[in-house]
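By written order: A, B, C, D and E. Residues from 1 in each chain.
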Amino acid sequence: MAKYIIRRLLEMLITLFLIVTATFFLLSAIPGNALTSKIAKLPKTVQTKIIQKYGYDRPVIERYVITMKGLIIKGDFGESIIRPGETFAKNLKAKLPVTIRLSIQQILLGVTAGILLGIIAAMKRGSYWDKLILVGAMFLVSMPSLVISLLLQKYCANGDILKLPIIGWPKGKELWLGGWKYTILPTIAGSCSFIAYYSRLTKTSMLESINQEYTLTARAKGLSEMQIVKNHVIRNSFIPIITVLPSTVAGILTGSLFIERVFSIPGMGRYYIEAVQGRDIPIVLAGTTFYAIITVITMLITDILYGIVDPRIKIGAGK
Amino acid sequence: MRINHMSSHDILEVKHLKKYFGVGKHDVLKAVDDVSFQIKEGETLGLVGESGCGKTTCGRTVVGMYRATEGEVYYKGQNVHKLRGKEKKAFNKDVQIIFQDPYASLDPRMTVAEIIGEGIEIHGLAKTKKEKEEKIAHLLEIVGLNKEHANRFIHEFSGGQRQRIGIARALAVEPKFIMCDEPISALDVSIQAQIANMLIQFQNEMKLTYLFIAHDLAMVKHISDRIAVMYLGSIVELAESENLYQNPLHPYTEALMSAIPIADPKIEDSRQRIMLEGDVPSPINTPPGCKFQGRCRKVMDKCKCEAPKLIEVEQGHFVACHLYHK
Amino acid sequence: ASLAGCNGSAGKSAGGDTAATGQTSQNEKKGPNGETLASEQIAHGQQFHVITFDTAQVGDSESGSFFLATCEGLFRENHGVLENAGCEKYEVSEDGLTYTFHLRKNKWSDGVEVVASQYKDTIERVLNADLACPYAFFTFPIKNAEKYYNGECDFKEVGVEAVDDYTLKFTLEAPEPYFTDKLSYTMFNPIRVDNIEKYGDTYGTDAMQILSCGPYMVQEYTASQSTVLVKNPEYWDAENVYLEEIDLQQIDETATQFQLFEADQLDFVAASGDYLKKWDQAASEGKCQLYTNGDVASQFFSFNTQESSPSGLMQNAKVRKAIAYTLDSQTFIDSVYNSRYTAAYGLVTPNIKVGDKEYRTEVPEPIKEEYSEYANNPEKLKALFHEGLKELGKDTDNLSTITIQFLGYGESTIEKDIEQYVVQRIQDNLGIKVNLNIVGDFGLAHSAQVAGEFDMCMQVWGADYNDPMTFIDIFRTGGSSNYGKYSSETYDKLLDQLAKEQDNEKRLKLYEEAETILIKEDVAIKPLLYRDKHSYINNRLKGFQYPVFGGKYEFKYAYIVEE
Amino acid sequence: MSQESLLKVEDLKVSFHTYAGEVQAVRGVSFEVKAGELLAIIGESGCGKSVTSRAIMSLVKAPQGEIKKGSKIIYHGKNLLEMNQKEQRAFRGGECSMIFQDALVSLNPTMKIGRQIIENIIQHRQISRKEARQEAILLLEAVGIPNPETRIDQYPFEFSGGMRQRAMIAIAIACDPKILIADEPTTALDVTIQAQIMELIKGLKDKLKTAVILITHDFGIVAGSANKVAVMYAGQIVESGGRDEIFYHPQHPYTLALLGSVPKLEWKNKQLLHAIKGTPPDLISPPKGCAFAKRCNYCMNVCLEEMPEITYFEAGHHASCWLHHKEVPAANKKMFQDDRKMIIVNENDFVVDEDQSYE
Amino acid sequence: MNSLVDKRFELADQSRFDADEVVRPNISYWQDAWRRLKKNKLALLSMAVLIILFVMSMIGPGLSGQNYTTLTPEIKNLPPDSTYWLGTDYLGRDLFSRLWKGLRFSIFVATVAATLKVVIGCIYGAVMAYLGGFVDDVMMRIVEVLNSIPYLIVTLIILVVLGNGYLPLLFALCITNWTSTARMVRGQILKLRESEYIMASSALGASTTRVIAKHLIPNTLSLIILDMATSIPHIIFDETILSFLGIGLQPPAFSLGTLLSAGQEAMAFYPAHLLFPSLLLCLLVLAFNILGDGLRDALDPQLRD
């Protein structure tokens, strides 16, 4: 097991290296970057000075070597071009907790509600409940999260029904456990698509398990429908859910852009996308690497989870 | 080691054939482990053994579907694994396969005519479209179906009918040698007889040679001239079929014979079964010595360290067991 | 198009108290004009998109706003007039080369005195080429500054001197009439070298590092979320600062901003889109205060005057003119901007002054009249276009075979649509085809502009300092933002003359001449609009200003009245 | 054996509704089993054996499957089909349990073997989890699994095929059921293992006096274990009787044909077998006459038109075939008897009066 | 006994009937799938909706006879009336016509991008599965790397490098999506390659091309169709987001995403500008999703009954 993880981690390093390299050269292929806009209006002498300072007068390969050196020695890709002095790591420290809390809340709400609805739909398959959940779920996935957010803001904040803050996010001492009222709307807005997705997924995979022979065995034991679902179906239907969970996590970290924007939440998603839009190369590189790390780690976790949920899969034992 | 006096009529000769599969990072699965035998033209060699003992692998390696890990297979004197181009194509025409699973071995998106016609097309056995259709109709007829079935999809057929379609597909290219991989074990009793009859009949009519793989010993005995018994990748006994039944030598063969259920209450009631302890061990990383030692009633010390060789103890009766070593 | 990279600070050397100062000091909570003050003096605003907290690196108005509140430079703009702030008074030598400033007694928030050497430190730091400060060139008029920047001399030779703790002296290379305007720019604020050294590399990345010498200081800061500023008790003019606290929140969505504004959770908001009508109406009914003022940004098209332009037609002034005159600026802004902004028929924006005089009121816009001749007269425009083509020897009956490339710039759908409108006007009037290529990114647009891959391109220019030169200078031959590669000997000569000329009347004339050549005769650009400020302010917030230069908001004079 | 029957199935009809129409999987099946008796239901694939057994366990699920009105499954004098959910659940697993064909898919892959056994015990017996565990260990031991203490905490995939099937049996016998239904319990196994499992089931029957319904298509297994045999074809029981009667004196051409399809060891090598032509009818539109008619060598005109009546022979042996009708020409009957003599070599060991049918 | 009775018990003429009769209807896989799809009312409804939407996207822009391209600021933001059925937008274009025109573009982009994605994915996946070994490893690694880079940046880079026109947009949309197809195709082909009917075919001497054309492709087709049906709503969404971020389309081209982002800015005053495009987008994606689900059920061979 430990050996397996170490091997996987080593493989991850290679993948990450490839990702960084690929991203670096892709970014270099773009004409212009944050610096171009920054110096657009300046006199030539100052332009040259600034270009020199950031090293963009050097050939790509040399810059690549410097970047990689910096990465290995300092573990960073350097300062932001747009915001001098700032590094990705510093922002990570400030913004990651926000994103993590938002993500956790969204996932908890989205995934649990989704799974519950999925279970209901699967158990009452063919009924009106089932159809309602199906159509409702479809509707929620088909609705842009931005529109959902705006509607929530318009009708649930400062309204007669609910009086929740329109924007903002808990900070300081409340960062992790306080200021719940700020988090309600963004969490709901962000979890809608997960509720929808997971309810569908759960239903399909539950139905699959329900149609397996072993549920027949369970029925033959005289277990009630509830018991069958609880003891036999759920665990087996969890395997496909576990598979997609990491990609959900990875997606949520970038995907909350609109939520973060609309609710003015100082999270990673917005930060990263702003960097991408402004082509702030060191930050984009760092952000990409960061997300890549998250993706590969979640993949590793998936594999480990697999082994836990499905005893047939022995991790580390090859195929 | 030569097993038999090389007969000029041997259509197929297998020499020290090995087929290993790599599993995981380090383990090898010795699915076929040093197997040698010959098949004479027009004869049926039965290959029996428990599930997972390597029958299918052996058969597939023999007909060139798998690359051999070691050893050679000669078909009419040519090394099967070294054939290329035209020779390969000729070999493909001569050697056909009938699969165990009539559900998996037919393409679900094709009509019966397309399935049977494929070989005809590939080898250009029909000059015109009409000739092809006639050929297909004829093939359907000889396997007991009619030409109305030609445009149907295989999911509309029962297992027996599918297996007949599979046979028709094999026969379409007028082969000389057919590897029958458990062609009847997935079928119903009544259908089994249909198919077995068909195989016997076609052998007589078309001078076919069969390698007949099965685990139903009664049927194998009925169909085969000689039978090889496999256990965990090796042949433990090989003899004329009558001889093998009358006089099984290997303890495993004995147990196998005694376990075959016989559809006769009298015989069953009076039968003394040799119960084997335990299950077939895993073919991965087998311990040294005789592979059957763990379940053998007559196990000796020698069995634990040395693997017995297949030797001829009587005329045409080979066995791999230390009991018969002088 | 947003004003990316805009910056600037200027003002006017003028003293004189205004109503805002020194009216009351009684305890009964009266405002500067005698209003009853609310007991809670907290203003709610929008967070500045601060890019850097290092004054040397500041190049944008958002960061500037932050320093307007937390720092005191030599001057501070109040209702469009530069007031002495960090300096009590100053003198300029006859030849316009020496500036002597007498500093006020002021303290940093940690109690340290503000002294002249801290201003000098600023110059030294800005001129440190390693820091590559974007606006370092602002200091280049100072004697030997550029040389030092390029490593050609010692800092001792640079014309800045802290005569004593409260006297600061600048010596210039050549007279520059608008030097004091430049000095009001954030970059020239005094710095605390000890503080900078304390934070080392990370200096400038966090508001909490900042020591304040202005009216407010930072109490709390969360990047892209919120900032809390509180009154700085050490500030020299603290008694005239009313707000106890300024709560700033980051709100990106306009809809949200207005929602908050309506809910009294935000005290001021900039007009946009359809909110304009609604809130103008509300303002006229007294539900809120309307704040309007000109801005110092000008938007125009540049034509690619080179022969190598994609269509190969733009080197002809008549062709350019025909295209330019298809669109009347006034109609344009009425149509697409709900009449927000000011229609432009010249390059230099209002609010820009030459000496005491506002340039735009003195000098009429060069092409205002001429437009009416061509407006909605496609025949005339076409005739003009044909004339131009003839001159080029490329005349054709079928104008629809002509295609020109229009390089647009726009991030939002609406911005893109607006450029679409321009295309439509040209096509409808001239019958030629216009290929619109919109780049949604400033850096990219810049690259494309520099590469000259256009026949006409959209350009926005924000004034860096308060003098027409900031606009006129763009089109000097070889200018780095002269994307159309406009080149005119006469124009360049005028610029050279202007650099030497000190007399404001003469300068006005010269500027007028240059602008006319550029726009009317050579039609190198087609003016479109002047930006403006158009905001709504909650009735309870008074004295709050949108300065023209230096930053977006000025909180120093703000106070909250009882409603 | 004149005991009362434990379970009685009367006129069981089950249909499935599919796109192509209604599949009449079981078309009026009746039989009974007594305690300590092993009834083998034999028949080809798709003839309705599994559906019959599932119907007994009330595992035929709406909306696809439907047990027709008039069907009765009587246990202890009560019709199972009319019981409520709770009673049915108590019956399933408690009174009657089932071993499925393929243990690999019939055991929950993600649940430890022990838990799967314990689950059944707890469901039907008032004992604690701990006791149930002890019980489960004993059960595993009883079905011949070595080291039950460690094996109990393993997952199905860690068991070999034979062991899985044994674990299935352990689950099935956990509550000392009165009836055990084994649906092809050995089909997926090798002959050597098959023999072990069959010994186990026979032992249970003898020791616990359980009534066993064994479903299979292997005559060999039936010959070695059954007391009574019912031969099914196309959703109906075409012949039923004591084991020896069926093997040595079959009265239905189908039974005879099945027996003829199995090669006998004493037969000559490569001699043609007595195969049945064609395929079983599709139960979507079962023929109106005898379902076997089109494959039958003795098919008469009437067979194609009308369902045959049941002809009773001695001691519960009965068959549904027109050949036994009084008016059938002797030549036809002779043909059948001749063939039977040829196929069943030791028929003579078992003498019964030929044309004597009991009403 | 009368002769009638005799006839009854006469041996039947064996040649008169066929013991191998197949009574089930003769339907191919696709017919069967279609039949099952027809049974799914919701899916049928979605299909109807899609057809209507498609037809409307073709004829809708012309229906009201109002201009939807020229900017006529004089008539901007009109409320719905008999001339402008849904009113006009902020620059005086007929919203009704624009809606359908935008829809046309969204559908067009999504369909083309989905097709591209599927084609690229298939080729890549097939090559991976076919060559196997080292090549497979390397190609798999590339997929992994691509998967780990946030799609936004890849899209952005492409749009920036190639400019934001139709083709780069299509390219960008499929480049971020094709990996899933590639994996799926690879898996399917690896599975099929082991299947006995492929072995049978090669035992007959079938060439590689024949195996691919006659067996591999037909048997992967249903999965591919499914993949396409499910990726279309995804791509519509992606395109919408890109338009929102201002890196989507170039005017005068516009899509639902463009309309949405313009509508969002006008939401407070003219909710219709946001409402109608949202509803249409919702309906479109909903219909595609439900149809995709229906197809999944219809094409799944295991659900054959």
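A few remarks follow.
Here is the rule we use: contacts are C-beta pairs under 8 Å (C-beta built on N, C-alpha and C of every residue); 3 or more make two chains touch, one makes a residue touch a chain.
The model shown is predicted, which means the values in this text are computed figures rather than measured ones.
Touch-path distance (fewest steps) from chain D to chain E is 1.
Across the two candidate interfaces, C-E and A-C, the one carrying more C-beta contacts is A-C. Set against the Cα centre of chain D, the chain with the most distant centre is C.
For the pair chain B and chain C, the distance between C-alpha centroids works out to 89 Å. Inter-chain spacing, taken between the CA centroids of chain A and chain C, is 40 Å.
As a whole-number value, the distance joining the C-alpha centres of chain A and chain E reads 25 Å.
Our note on geometry: chain A versus chain D, Cα centroid distance of 55 Å, whole angstroms. Shown for chain D are the residues that touch two or more other chains, namely 277-279. The residues of chain A that reach two or more other chains are 31, 150, 277, 279, listed in rising order.
Residues of chain E in contact with two or more other chains: 18, 20, 22, 24, 160, 247, 264, 267. Residues of chain B touching chain D in their complex: 44, 50-51, 144, 158-161, 188-194, 196-197, 200-201, 203, 215, 217-219, 221-225, 241-242, 245, 255-256, 259-269, 271, 273, 275-276, 279-280. On chain A, the positions that touch chain D within their shared complex are 126, 212-214, 216-224, 227, 231-232, 235-236, 309-312.
Residues of chain C touching chain A in their complex: 4-5, 51-52, 54, 57, 59, 129-132, 134-137, 146, 149-150, 201-205, 220, 222-226, 249-253, 255-256, 259-260, 263, 265, 441-444, 446-447, 464, 480-481.
In the complex of the two chains, the chain E residues touching chain D come out as 1, 5-12, 14, 17-25, 35-36, 39, 305. Only residues 18, 20, 22, 24, 26-29, 195-197, 199-207, 210, 214-215, 218-219, 301, 304 of chain E touch chain B when the two sit together in their complex.
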